[in-house]
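Multiple structures follow.
Two complexes are shown next, each including chain A; its partner changes from chain B in the first to chain C in the second.
Up next, the complex of A and B:
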């Protein structure tokens, strides 16, 4: 039997080249985020140029590394919870028992996103008190939907032929999930994680309202004291962080492939 | 051996497979043939319990499959699905290694086996092993599908239109190759197709389905000579005789001795690996009454129309390895 000639040799950028291209976009954002957080003199010089005639450009109550730390802790805690809850709900919606609840779960997730986050925090305060908890409740509520949607879309998007073949060669449902369904759904699920993180990084700035700390603190103080430098001090690192996460979790150009 | 008894599948009142009782002997190449929607895939998938029967039983070596663990049953039957179904997230090597890995083979044994399987289906393991399924042509992907199904050396192969998506030439190569593999490895094959040529070329026995019911089952020769009803006759059409002739080779014909004089020098020559259909075409095309049959370029004897017909009745198919697919002597 003659072998057909190999097609597409060299047509695809090698994995290492794609990795390089990926880090070329990520590295500057990472550098910018770190610089704003840790280089007090440099960053305050930038703020002074942007907002001249301001007596103080840096918020005095809490240093930027601590504010960034608060922010990351809020986002990480809420995202981890949202990932577990969203993954469980999405996974449940895909099981035989969960299928009837699929639409309900998606609709409730949608509904949760329409409630303003400030309202969620306000409603949560009687239960949780002030601090990080009400923010985490709000962020989880927001983050759960993209996870549910993308877990469902990702798994449902697995080609029927691959699913069929996995069953046909004798994989158990768990083996099929781990070695075929999750790897194939991974790019879509990763997209959901990215959406959640980006939403959460910006939403977490609202935490300052309920005394949860974070990059929202200087922004809030800036409003009260008519100090635009404070607003930028909180906003610029938050923007850089959101962009960094977005780029970090966006695979470099070329075909996306689950590893 | 695989046997079905009154096997039935209903989907809310619609009967996809209707009381099918068939048996496939060990080492047999059985073809399920029928128009689209006749229940071929459903029947095939009930054999490895991808579809649970509504009623009836499937026996494998006399054992009711309903009592077996479905995953274990499936691992003992290679399965090639209609659209190859290679796992896009895995390399070709990993795809072929799937069942050995599920069975817990050690690495060395698996690696060796993957090399052998890729070679068996005519793909170079070094070149193709590290590739991904989307870097393969349709024909290559279907070969990998066959290699994967064979990897753990299952006694039974289930194949659902495995060569559907390739051009006629590649398809014929794959068919001839499949037949060779099945004979060499003595696999029991249940093969689904709606292509009559493919069915007649490959089958030891054909079950012709319509609306979930078996219209007739038997050798292609049986179905040709003694069609059970008009549907069977019409389905195969007028060319069935010629298609059957393509199953048999001149190597199976009892040749007449070469005449002692030199008169046979003027007769057209043909290789003994040619099919009877090709021999017939040669007779009709040249207007000669006899052909000289050669083996490796040496004339071995002559054959006329009557001797071709006798070979057809004998029911033998081309002895191993001689089918050339192309008849003329070079």
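Up next, the complex of A and C:
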């Protein structure tokens, strides 16, 4: 895992300036994603400029709003499931019963990086058939890892002093979790959610391999038919979407990159 | 090693053996097919292995009971590790034998595939060994016992006794192309990680020279890191196609919109980040006193970098290299989608015809390579004296 460097606190901008700077990067990405998805005439004019010698610039089988819809549905469904499962497993690893499994959960989480997500999709086909299901299986498995690792890292990173203070003022374990531990661990957990979403947007693009639709569909069709316009039709919105999610969930100054 | 960790290991080892016992009785242990296409006929390992099923269950039960026993830690560690490795090795050996027996009965077109519970059993063995090695101190004994089952399975593969399993048949049918795609896959990994290492070192050192350089370098690298793989390759494809149309040299090198060129560019771009990040982190956290001392004895900047800074930063840089290697080995699978070949070829061919064994012919070597790189570089890290390097 990339190690976090020490950062000085010298020129910390004020909270409001940070908010402004945050939205200045997010707004254009949001606009670009929406424009490419919905403005058929404008976006196809751009594709025609970029790839002048192609007769058809837009993939005919499925329209961009539908492809983007597929993509978002895959990412949202899988991420919601992964958040619940990952949160539960991460939480379990921190309880007294789950404590023995903490090390092996973290270890398996790291070793799982050796299996490519698209391979999981392919291997799930005999169980799930083609379509969205194998992609959701793979995205959930991959999404669970950053959540578990960051829930564990976040809660374990809560300073002992805060923990003791909360116990000292007579909080119950549940109260302590909700009003002290989770808020303090939140930046790290949010980092995990961001990693999960970014990984899932990328992996969902590969879902086209198992006929799940999504923005990978025109990209693959473009590679098969040597049509660069199709490739860009899928690639540009997918890139805009990934950057949008990344920037949206990156706090402007407090950089939390836990995994 | 705390007492808590040693007690925890009992729970994990016992859970692993329960998982192994359960796995032996659930269907999808072995899948027999009269030919490659016809519907499957899955049976549990228990019914597939006959008398050996008893041995398998006995091994798991013994592993679980000994894990919970009050034996001395060392004895318990040795015995449970051996049992936890013996069970999966037994399963693989007997599955190979059952496949051969079925092929003898049902003819050459018959196929025997490993079912889901075989993989679950391998995982159960991993759990038992992972837990039991906590009772052993690091050293050749622990390493030998941990890797013995891996060697046993490798020996079974080499001896040809698994030759009638469907995955081995897929290999036999594709032996020539397998060797070619395997080499190509390794070439992608070596080239991309090589480029990523050089670029990552330079960019990491550059970023360590000042705050604005740091913001610039990591601003760009963060963006590259976020790009979806297939979209990134798609973005490079028209650019490379047009470069090779306009510049004769690129065309002569075989740069095209598809194939090796976009694959290596994209994989290298991803590989830069962990190396640059770790180089930067290691260099900025060096003790200023050591650097002052180096300057004090009259070392020039370049000499100080080569003789002091890089050697001190090396364990952390190598940790970054390890991430890059594992990530690239898995990531190179996409080359198979964009005309670049590699082991992904088998995965995507298999996905097209729902041939699980063909998919595995691509996936298993990828996972094995990635694990080997991971363990190999970890050993290197430890050899360089980074005791804290963790699995």
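Rule of thumb we're sticking to: the second predicted complex is superposed on the first by the 236 of 259 C-alpha atoms of A that agree within 3 Å, B and C clash if a C-alpha of one lies under 4 Å from a C-alpha of the other, contacts with A are read in each partner's own complex, and residues count from 1 in each chain.
By our rule, a residue touches a chain if its C-beta (ideal position, glycine included) is under 8 Å from a C-beta of that chain, and two chains touch if they have at least 3 such contacts.
Source: prediction; values computed, not measured.
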Q.
Taking the superposition on A as described, I'd like to know which of chain B and chain C A:101 touches: first, second, both or neither.
A. second
Would you sort A:24 into first (chain B), second (chain C), both or neither based on which partner it touches? neither
Of chain B and chain C, the partner touching more residues of chain A is C
Next item on the list: Considering only the touch criterion stated at the top, classify A:161 as touching first (chain B), second (chain C), both, or neither.
Entry: first
>> By the touch definition at the top of the document, which applies to A:171: first (chain B), second (chain C), both, or neither?
In response: first
Once the shared chain is lined up, is A:180 touching chain B (first), chain C (second), both, or neither of them? first
If we overlay the two complexes on their shared chain A, which of chain B and chain C does A:206 touch? Say first, second, both or neither. second
Quick check on the superposed pair: does A:40 touch chain B, chain C, both, or neither? Answer first, second, both or neither. neither
Overlap of the chain B and chain C interfaces on chain A comprises residues 1-4, 6, 8
Per the touch rule, the chain A residues reaching chain C in their complex are 1-6, 8, 50-51, 99-104, 107, 110-111, 113-116, 118-119, 121-123, 125-126, 198, 201-202, 205-206, 209-210, 215-216, 219-220, 222-223, 226, 228, 231-232, 234-236, 238-239, 242-243, 246
Within the complex, chain A is touched by chain B residues 48, 50, 70-75, 79, 81-90, 98-99, 102, 121-124, 127-128, 131-132, 135-137, 139-140, 143, 148-149, 158, 170, 173-174, 177
The answer for chain A against chain B in the complex is residues 1-4, 6-8, 12, 159, 161-162, 164-172, 175, 179-180, 183-184, 257-259
Within the complex, chain A is touched by chain C residues 4-5, 7-12, 15, 127, 130-131, 211, 222-223, 226-232, 234-235, 237-238, 241, 257-258, 273-274, 277-278, 280-282, 284-285, 316, 319-320, 323, 326-327, 329-331, 333-334, 337-339, 344, 347-348, 350-351, 354, 356, 359-360, 362-363, 366-367, 370-371, 374, 391
